[in-house]
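Report on one structure; see the data block that follows.
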Amino acid sequence: MALRKRSMGVVAVLAASVVGLAACGQSSGGSGDAIELTITQNAIAGGKNAAGADFIANWVIPKFEAAQKAKGKDVKVKFVPSGVDDEQYKTKLSLDLKSGKGADVMDIDSIWAGEFAEAGYLKPLPDLVGAEADSWDGWAQIPEAVQGMAMYNGKKYALPVGTDGRVLYFNKTLFQKAGLPADWQPTSWQEILDAGTKLKSSGVPVPIQINAGTAMGEATSMQGVLPLLVGAGGEVQQNGKWTGASQPLKDALGLYQKIYGGGLGDPKLQQEAKGRDKSFQQFAEGKIGILLEGDYFWRSVINPAEGVAKMADRDQSVGYAMIPAMEPGKGIKGQDFVSMSGGSLRAVNPNSEHPKEAFELATFTLSPEALKEETKDGNVRITPRTDVNKDILAGEPLMTFISEKVLPVTAFRPPVAVYPQVSVALQEATAAVVSGTAPDQAAADYQKKLEGIVGGAGNIAS
Amino acid sequence: MAQATSPPEVVRESGQARRYNSDAAGLGRLRAGAFAAPALLLIAVFLVFPALWVLYLGLTNYRLTGIAAAEPQFVGLDNLISAVSDPTFWSSTWLTVQFVLGSAVIGQVGLGFAIAWLLRDRQGPLKRLVEGLVILAWILPSAIVSFLWVALLDRDGGTLNALLSTPQFAPLLDHPMLSIIVFNTWRGTAFSMMLYGAALGNVPPSHLESARLAGASGWQQLRDVVFPHIRGHILTNLLLISLWTFNDFTPFLLTAGGPDGQSEVLAVHVYKVALQGGELGYGAAVSTIILLINLVVAVFYLRLLRSKK
Amino acid sequence: MTRFVLGRIGFYTLIAVLLAFFTIPLLWLVTAPFTSDPTYKVSVPDFTLDNFRAIAEHPYALPSLWNSVLLSAGTALLVVILAALAAYALSRVRLPGRDALLYTLLLLSSIITGTAAMVPLFQLAVQLNLIDSQLGLILILTGGLLPAAIFMMKDFMDATPKSYEESARVFGATPLQIVRHVVVPLVRPGLATIGVWAVANVWGNFLMPYLLLSDVEKQPAAVITYTLYTEGGQANLSMLSTFGLLYSIPVVLMYLFVSKKYGFRFHGGIKR
Amino acid sequence: MAAIELRGLSKVYPGGVKALDSLDLAIPDGEFFALLGPSGCGKTTLLRTIAGLETATGGAVVIGERDVTGVQPGARDIAMVFQDYALFPHMDVTDNISYPLRIKKVGKGPRREKAAEVGARLGLEHLMDRRPGQLSGGQQQRVALARVMATQAQAFLFDEPLSNLDARLRLEARTFLKKLQRELGVTTVFVTHDQAEALAMADRMAVMEAGHIRQIGTPAEVFQRPANTFVAGFIGSTPMNLLDGTVRGDTLEVAGCKVAVPVTAEGRLSDGEKIVYGVRPEYMAYSAAPAEGAFGGRVVIVENLGASHLVTLEAGDVSVQAVVPEGNEPAVGDDGYAVPRRDRALIYRDGDLV
């Protein structure tokens, strides 16, 4: 690395003549001794997560600056919007952090915590900001599982921003036609299949949509194979060992086979590059009976006001149910019902010149007032704080449902660097099953790939 | 008095002219160097240096995140070896060859030349319209274009199915390679068309006229008059188009490499590995292999088109 | 005579097929922006202008188009000028290893456009303090495009008869005057081609502008296009199609301008 | 206006090809001078070296008493017409003609005036706003000439000025060029591979071969007394008869015939010497009856030259050609006799004129 640095210097000198003019550089150098903070999210006004961006720009920044002023500190906060694929956002953050740059406060997906920590892109909060990291009063309100998302090797690396949960959505209108109840709650996979069969015979084009294949990417893992895996009592990684061609995986893949091999799902949709978009559109058009999705689907996709696939009668005709284990009690930890959750984190940049103020800003955005402000006007999401959730979710039956029924049984992905590759391998296994490979074979292939990814059979639980 | 003047010696001209100094403007090496210096400096700093760095990364296990991001290890040829021992790499390579041959060499070069030839001595709105549409396909950003083609080839509401009355026909799934080949032909023809359009302008009309007077068919005119004149342009065109197509990852936006990797060309492979998987070292190694394949292709073209001179 | 008629019929049939091939995929782009809730299906729009209103209200959409124009015009200009000078010098003065150098640079240029090059380019930009600078981005993009541009340009330069330059030289023109008065007009179709090529490359480039420009006010339309998705990555088709339509208008205008002003054709030199 | 002088001028290309080998040449002010020779003889290289487009590797070029050997072409105060005229295709006739003035930073108004003036002089006034691509070959040539005239240079250089014209036009242009040069009085050097052109136009000429000048002289001198067999063979629309012979006392034995010693060689030959006997077919008197000192043989070919015929006789194992005025021509197969004119016949020893 040292060598590279030096050659960089040489090139820098060489290029100095060319770029003499170009060195306008960073927008630094502010007014006097004011503290300047930047905060970034994958959110942008007018685009992706516009509400979140507006909240930061219009509420957090003025309020926080005012609060600091009251304390006698001159703090200026700048919001750096972004609005791209999560992978690209992650790439940019990584590059920034690697080069000692980046915003002082930044939002990351909880699943990146491990790899960012390993790379030195993030530091444990106490190391950065001192005792305040642990003494923040918010921690008391955040459930342990949610706190776990921000932990790596037992240390807190960031603040949890929120979480989500996955359920089975179903179209009540179609269910009624197929003679199925409007308060449907399956207790085993077989009941899902039975419902699918009935839907099919009543003429529903796509009775069941559970994401599969590589085209949908992580959506296949989170809304597909992972909830099924925990439903069969397995996890991708347990106690530091990866799960190979285990029985739970075979069972999960077996369900795929029954759905897509049995004509209960649309195998081609799983292969299309825009398959997930289309599954949303089809659900909204009443062509899909049962769909496994997260609360995001309810909030942003079929939202009658501003969804991308609006359903005017969402509240009347869309039902939801918990995801059952394969059979009652067969889920992980002996659960009857399962789910998967993700969420994002708000981290303090180790390169920040003002880590304490940055931490203050981060905690400020997670204060009850801030969270209530952020989630008002129908912009509800599950916040990390139970005290806040109690208030804001009251008028939202689905969100309350997830918060109260789903989150207690949910599971999280392992926050380690190789997870994305493992996830792709899982997606490939589902793709294989959907296009006809036997589940046992697909599981065996998965194990082989897994060995290559995680560094040999030694890291795989037999 | 008929022999009072001897016939003009046309052949002589070319034979002799080559011996002369080609520095017609009296540039001299020093000034030539000054002319080329700004470009070469930019290239050195922003191209050669980072490109060599990529080649170096290919020899490490560097990753975007994780432990390997903090302390990348030098692994020598491990990446290359694991690439070539990976069957998906080879299938990607084979798909790439199909992609380049089909969409670049046959599709873009063929169609581009055909359009340039058809419109060679036309002016006016028809030419403008055709050229404009072809160029539009080329110049639209890929993010937008991918939507256009999904809308065209979609299984349910796709325009193609509506036109052909073939409901549920799914070209992107059943013929993914053909789809991206046709797509890339549509997308990239403009460049070849423009290049050949400009090159055909350099073919002296008198040569074509004399060939036509000699009763040469269209094909013979092409072969005997046009082709020798634009041979250099054909070489350049093939080289560049192949190079770009090898490295084009736009098919990703259409098929995401699927279904089941059936359209995962090398550039998509690298994108998946490097950007989605974060394995930059491995991605760089595959890029190096692409570079070597391109080198072979370039040498092949050079042999093919220069040898006949 | 019949042969002529058949030829005409054949010609127009071919043109019609070509037009269809190049037009049909574009249909979505003209219908979806005027449709209230567009899907991937091309259908007769209800001619709403709401989508355009939404784009107009978008704080970054329209300014980003200006940024795109700035970036692509700047890059194209730099590429054309530098490539023309370099290609002329390389075409006229024989340097040992010239062709090998050009081929090597061309091959390396392919690696730099690949995904794997983002780390070196980013860190280079950081070291040179070119992060968040549009000029810096222009320089970086130019560096990547130059080899291919020089390569193409050299073909055009090689093809121009030397006697034009000798003639100007005998009349006392300096090398720079010769390039300006004689060479540039002669290779103008080539220059226009390369200029448009450079614009096309920059116009759609997403990754480098996104990585190198953090200030959203400087980001081009390609980056803003990617923001028109939901938090879950679902495309906002009404915004995307509308923005896509607006996004393509400047390049259409550019094409019309360039083809009218400079023409992609040769002037028809002396009969030889 | 200026004289041009070359002193020991050499041009060796990298790789060792000697294009010009130590040439000396003096062209006085106002002369119309031709450089003639077959392809590859170095005539164009010589012209380009005078122009400065090629750099001499030895010797000096002097134009108007100024040594310009190391001077850039543009600073030599010369103007050149190229073989393909090198008219700029993107400029109209006016701009082409006035281009040299543009380089000299002459204002747009005076430039256009000058172009109009010169153009009118060459009969181009109705073509001034056309582009070269819209002109005929002859018109292009006149534009190129006009451009050269507009420079008011000290000397003009023409590289094959007529070779791009078709045959009929070439004859007209020949006359036109000669007249124009007379009127302008500017020292002009032109290159041609066509001996007829050189003979017709030049005041004086140099015949070149393989980088050397083989003869310098007026057209009459070169035609009547070629200095060597190379020039003898190259000049003339019908090639000179060059026949091997031997001196036999007062007479010569050539092609099995006895012929008289030419006037110019009298007293300069020694008995038994091997020589080459040269006589132009035009300087042969043909008769059907045997004659003293004639080449006799069978007529094998009769070529019609219009007002005369070229008759080829087979004398022994060599061919002898004679020009026969119309009405006198023999039939193929006849026996014929050709008597060379003693005052026009020439003797070459080791290739050089005696």
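Lettered A, B, C and D in written order, each chain numbered from 1.
Everything that follows uses one rule, which is that a contact is a pair of C-beta atoms (placed from the backbone, for glycine too) under 8 Å apart; a residue touches a chain by one contact, two chains touch by 3 or more.
Labels paired with UniProt names: A = Multiple sugar transport system substrate-binding protein; B, C = Multiple sugar transport system permease protein; D = Multiple sugar transport system ATP-binding protein.
This is a predicted model, so every value here is computed, not measured.
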item	value
Shortest walk length in steps over touching chains, subunit A through to subunit B	1
Pair of chains ranked first by number of touching C-beta pairs	B-C
Relative to subunit C, chain with the most remote C-alpha centre	D
CA centroid of subunit C to CA centroid of subunit D, Å	55
Centre-of-Cα separation between subunit C and subunit A, whole angstrom	37
Mean-CA-position distance for subunit D and subunit B (Å)	52
Distance between the centres, which are taken as Cα means, of subunit C and subunit B, whole angstrom	15
Sites on subunit B at which at least two other chains make contact	20, 24, 26, 38, 42, 45, 49, 53, 64, 150, 154, 156, 275
Of all residues in subunit C, the ones touching two or more other chains	39-40, 118-119, 124, 128, 139, 163-164, 166, 168-169, 173, 226, 235, 237, 268-269, 271-272
Junction residues of subunit A - those touching two or more other chains	11, 15, 18, 88, 91, 95, 98, 274, 278
Residue numbers on subunit D that touch subunit C, as the complex places them	51-53, 72-75, 78-80, 82-91, 99-100, 102-104, 131-133, 137, 140, 151
Residue ranges of subunit C in contact with subunit B within the complex	11, 14-15, 18-19, 21-29, 32, 39-43, 82-83, 85-86, 88-95, 103, 105-121, 124, 128, 139-140, 142-144, 146-148, 150-152, 155-156, 158-159, 162-166, 168-169, 173, 175, 178-179, 183, 189-190, 193, 196-197, 199-200, 203-204, 206, 221-222, 225-226, 235, 237, 240-241, 244, 247-248, 251-252, 255-256, 259, 264-266, 268-269, 271-272
Partner subunit A, residues of subunit C touching it in the complex	37, 39-40, 57-61, 118-119, 122-124, 126-133, 135-136, 139, 207, 210-211, 214-216, 223-224, 226-237, 239
Subunit B residues touching subunit A - in the complex, by the definition given at the top	38, 41-42, 44-45, 49, 53, 63-70, 146, 150, 154-156, 170, 172-173, 253-261, 272, 275-279
Complex contact set, residues of subunit A against subunit C	8-9, 11-12, 15, 18-19, 21-27, 42-49, 80-86, 88, 91-92, 95-96, 98-99, 101, 219, 274, 276-278, 280-281, 294, 296-297, 300-301, 308-310
